[in-house]
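Okay, so chain A shows up in both of these, paired with chain B first and chain C after.
And then the complex of A and B:
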């Protein structure tokens, strides 16, 4: 625990001092801000034309939904450095000769990345504040479900892309492979729909769907439906990814040269 | 406690980097680990620090087996890897505090300052590591290896890349540390091992060629080793005369004299040689064992372990093999 905390503190400091991390956050928030602006504008337009308009809840879940989708890019960019840089700089050798298990520093690093993501996610709360300030009402239960879900989603996706940072010393390669991996988990939802249309493979469809990210977020938590097994899915994904990362780091001991 | 290595084997895939070596390093001594690049020094050290597990054999460091009790070993070892990897964006002090925290050192702030003082770097405690010179970084690395006051210190080529003054300072520090700790110190500079170490372990191509105190090694090689003769007179006649002497297997002209190889290691041919040279009317200027410093001992030993091949080529071949392993 002591070692995890030490690694976590250092790594969190690196994130919050890193211009790259801020650039990523800036790009993301700019995009979400534009979407928010457009949502508000079109809602206002619809209202003046006497139509129902967009609900405040939908504006927020739309923004957070887009954020989670964009995580296929953001997560690899945030996590690519975590282990690849240490391996390239040789500092991994120092870490691995300190009295702590490999799981400890892998976890410490992951938690730091997750913390930075939490910070970005928390910044999007400003949209909710703006809406409330201008008289909209938000469903507190729905908001909790949307945000807690997005938080878990981000953690799982970050852990998944971190695996590649342990595999290769090249951060760019790690980022590409990370993005590809997250996309596979995202697009599994579409694959399951395609499979459902094939009578011979229909049985597989349900299984593939259960593996996919949208099935556990966009279809449930994002709409305020909280199911225990969706939460379990994200936690399991995180823990499994951290274990795989730890094992890959451990193989370095054998192939060390 | 110290270090006790028995029949240690370490392979990287097809390549056997360390081929069943045995040696020990005692507390209160500096043990030099000597060999050309790619001889297996770094690999052995990585096994001893718990970084990489051995394929077979046993290594006990500070009383714990590196394979069975890796964490216990790592708690008691301070390690300075070869190219001194450090976090360049941290200050020296922060880096030391970080290592101390992971190691569970009490009173980290005081301890960090104490080791910085020890390595003479307290003035640059708050400089970012990237702004420090190579020698200073080396000292930060050494400070981080000392932060938890380890029983055993393993230093992989700590003097590489330092200027001559820094080298001298570092050697003094290592010598001083050796009085209270077990220090294993690798180098490929032979004179360095001779100056700093109480004991030398010479390794070549993953095998130990010799070990002992530098003086012992020299004595061992003087007995029955090759002999250098310098004498005035006609070189061709001298060569002829020398070849007649009993127990001389071979004599060859070298730039600084004649190099004579005796038949056996037991009978010293020197008395007979001297008589032959003097009686032959030559002016004897010098007669001495070829191996008088570690440089020459090392070449002698690698020549012997390689059989016929010339020492010069030998070193090149090993260096090549090293590059292949590194890749």
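And then the complex of A and C:
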């Protein structure tokens, strides 16, 4: 644990001192802000036209839902540097001479990236606070489900992206492959729909759907439905990805020695 | 210095313990077993015997391999080669399979909860109460909800299963559910004539087999619609409404605004009742010749009618009531003047002498509660809280809308064995003019109150029960209570159709038979977001300027600090 904490502390410091990380957060918040204001304007217009309007819960859910979709870009950008940079600069081998296991090293780095993502996610709570300040009521249960789900979702895709940072020394390649991997998991929901059209492949369709990210977040947690296996999916995805990353890091070190 | 293991030092024991076949063969068998299980999982609708068999074979042979070649198993799971060598792939695969198994186990526990307040995927309090009532009713058979969802609708199925879990849990297991893919099991879909995204509710027999002929189709996937179908499917009683074809009477099969088809449809589709048009003078009519077996409850319904019953017809009706029959009477008008069916002196006298109430030949006005810019239409409340028909109504938010209404005359002294309850009255400002004013040219003067008029809180709906014969009578001063045109005002708290339905429930004893609460579910509404222009501008400043550019500023500050440090 001490080793994880040491790596975590160092990496978290790097994140919060990195202008690039802030630039990523800026871009993301600007995009989410645009959507958020667009939704509010649409809600007002619908009210004016007597079409019922949109609730504050829907506006917040929409913003957080977009954030999770955009994680296919954000997660690789945040995680690409974690291991690829160490390998490129040759510090990975040096770090590995320290008295700590591969898993502690990888986990510490992952937790730091997840912490930075949590910081960005927490900033979006400003949207909810602003609406509440202006008299809107929010469904506490729904918001908890939406945010806790987005937090787990972010951790899972961050861990997935991190695998590629361990595989390659090139950060751009790592980011590209990470984005592709997350997209595959995201688009698996669509593939599942396509497969469902063939009754003979319905089992495969169900299997692919179980792998997809939206089936465990957009379809349930984003609607206030908390299922144990959705939570387990994200946690196990993180564990699996971190395990693979650990194996890859260990293999690199072994080959280098 | 290590000694190469080449010398012939094998003992007889080691020779006898040599395996009959190479342990590696077991790995191939295990792999084949897992492959069969995987293929079965991917291609079959359910993980059946073949799948479980393959999985068991895989696990078993893997276990035997570990027993037979423990040193091989240990070397795969430990050591440098496991962590960094080619076997890392095997180890990773094992770990991934283990994680998948953990996931499958958790998934099979099927633990889920709708944590939102909007009760879209969980039962509302009202729905929960109805489900509990149904489950506690010994006449309710166990029931199964079958959801027909193709694989393409898996997302929707996932969400709705949370609601169906709630049905199952709340009913204590009396209601179960399953999903059927109509594309993969078309025969079952055909049996129920079910389409994709449709729910069928089917009672289960004593042997647990679905009673397909009693299956009911839900008109949608909302809990209200599923609940309606559940109530229908659970209705084992035989309840009937008889309505005679009379001149200018409102027909239960008339779907126009003046008709009462909505009442009739709700009774038949939501509660499984039978509505039958009869001829009072037909010797075979069920009032004279009760059907065999006798229904659990039946009522004669007279809605409107411009002319009095003939003496023979009246005899049929009074004989029926004398034998404990039940009557629900909605008063109508005679456009030609003179007594209408409800105000016919012969019928009125019979009702007054036997039940202590009757209609008067007048028209009630209540200018305090008049609506729709006509003096003849008004709303009334003053509902008794202890009468089944009105006990769920609030005097503040609910009302009955009356149009061209007769007042009800209540006997000043209670008759023996008869209990009369007024259901609704006008405000104290109400008054009743003789119905002859309808024949004159209508003007404010003709409708104005005169000293001769009956005034005060005038009864416009009432019930009476003869506790000796069990006969029940319900009188409504207006046909509007049963007519389709007023159903659309339900959302404004006008409870006409509901009151007509509950009047039939009370008259036939259905309320005691089934203990069915109101099916009108109240669900928390989502409040639309509405910000003023100023508030919208403030939100934009905070979320488009302060927040993102604040973060950008932090980044720039960090960059500046680092730059200075690097320079130093």
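By definition in this document, the second predicted complex is superposed on the first by the 256 of 257 C-alpha atoms of A that agree within 3 Å, B and C clash if a C-alpha of one lies under 4 Å from a C-alpha of the other, contacts with A are read in each partner's own complex, and residues count from 1 in each chain.
Following the convention adopted for this analysis, a residue touches a chain if its C-beta (ideal position, glycine included) is under 8 Å from a C-beta of that chain, and two chains touch if they have at least 3 such contacts.
Because the structure is a prediction, the values reported are computed rather than measured.
Colleague: Clash or fit: chain B against chain C, after overlaying the two structures on chain A?
Modeller: Taken together on chain A, chain C would fit alongside chain B, as the superposition shows.
Colleague: Can A:137 be said to touch chain B (first), chain C (second), both, or neither?
Modeller: Only chain C is touched by A:137; chain B is not.
Colleague: Considering only the touch criterion stated at the top, classify A:2 as touching first (chain B), second (chain C), both, or neither.
Modeller: first
Colleague: For A:89, using the defined touch cut-off, is the partner it touches chain B, chain C, both, or neither? Pick first, second, both or neither.
Modeller: First partner only, chain B.
Colleague: Spot which of chain B and chain C makes contact with more residues of chain A, would you?
Modeller: Counted on chain A, the partner with more touching residues turns out to be C.
Colleague: By the touch definition at the top of the document, which applies to A:151: first (chain B), second (chain C), both, or neither?
Modeller: A:151 contacts neither chain B nor chain C.
Colleague: Look at A:97 in the shared chain and tell me whether it touches chain B only, chain C only, both, or neither; answer first, second, both or neither.
Modeller: first
Colleague: For A:110, is the partner it touches chain B (first), chain C (second), both, or none of the two (neither)?
Modeller: neither
Colleague: Just checking: does A:164 make contact with chain B only, chain C only, both, or neither of them? Give me first, second, both or neither.
Modeller: Neither partner.
Colleague: What is the contact status of A:15 with respect to chain B (first) and chain C (second): first, second, both, or neither?
Modeller: neither
Colleague: In the superposed arrangement, which partner chain does A:232 touch: chain B (first), chain C (second), both, or neither?
Modeller: second
Colleague: In the superposition described above, what is the shortest C-alpha distance between chain B and chain C in Å? Please give a whole number.
Modeller: 6
Colleague: Show me the chain A residues, by the header's touch rule, that chain B contacts in one structure and chain C contacts in the other.
Modeller: Residues 17, 253-255 of chain A touch both chain B and chain C.
Colleague: Show me the residue ranges of chain A that touch chain B in the complex, using the header's touch definition.
Modeller: It is residues 2-3, 5-7, 10, 14, 17, 89-94, 96-101, 253-257 of chain A that touch chain B.
Colleague: Tell me, which parts of chain C touch chain A in their complex?
Modeller: 40-45, 80, 83-85, 88, 91-92, 95-96, 99, 102-103, 106-107, 109-118, 120-121, 150-152, 154-155, 158-159, 162, 181, 183-184, 526-531, 535-536, 538-540, 542-544, 547-549, 551-552, 554-556, 558-559, 561-562
Colleague: Using the touch definition up top, name the residues of chain A that touch chain C in the complex.
Modeller: Answer in residue numbers: 16-23, 25-26, 29-30, 33-34, 36-37, 40-41, 43-44, 46-47, 52-59, 123, 126-127, 130-131, 134, 136-137, 139-142, 144-145, 189, 192-193, 195-197, 199-207, 209, 214-215, 219-220, 223-229, 232-233, 236, 239-240, 243-244, 247, 250-251, 253-255.
Colleague: Looking at the complex, which residues from chain B come into contact with chain A?
Modeller: 12-13, 46, 49-53, 71, 74-75, 77, 79, 81, 83, 85-90, 98-99, 101-104, 144, 325-326
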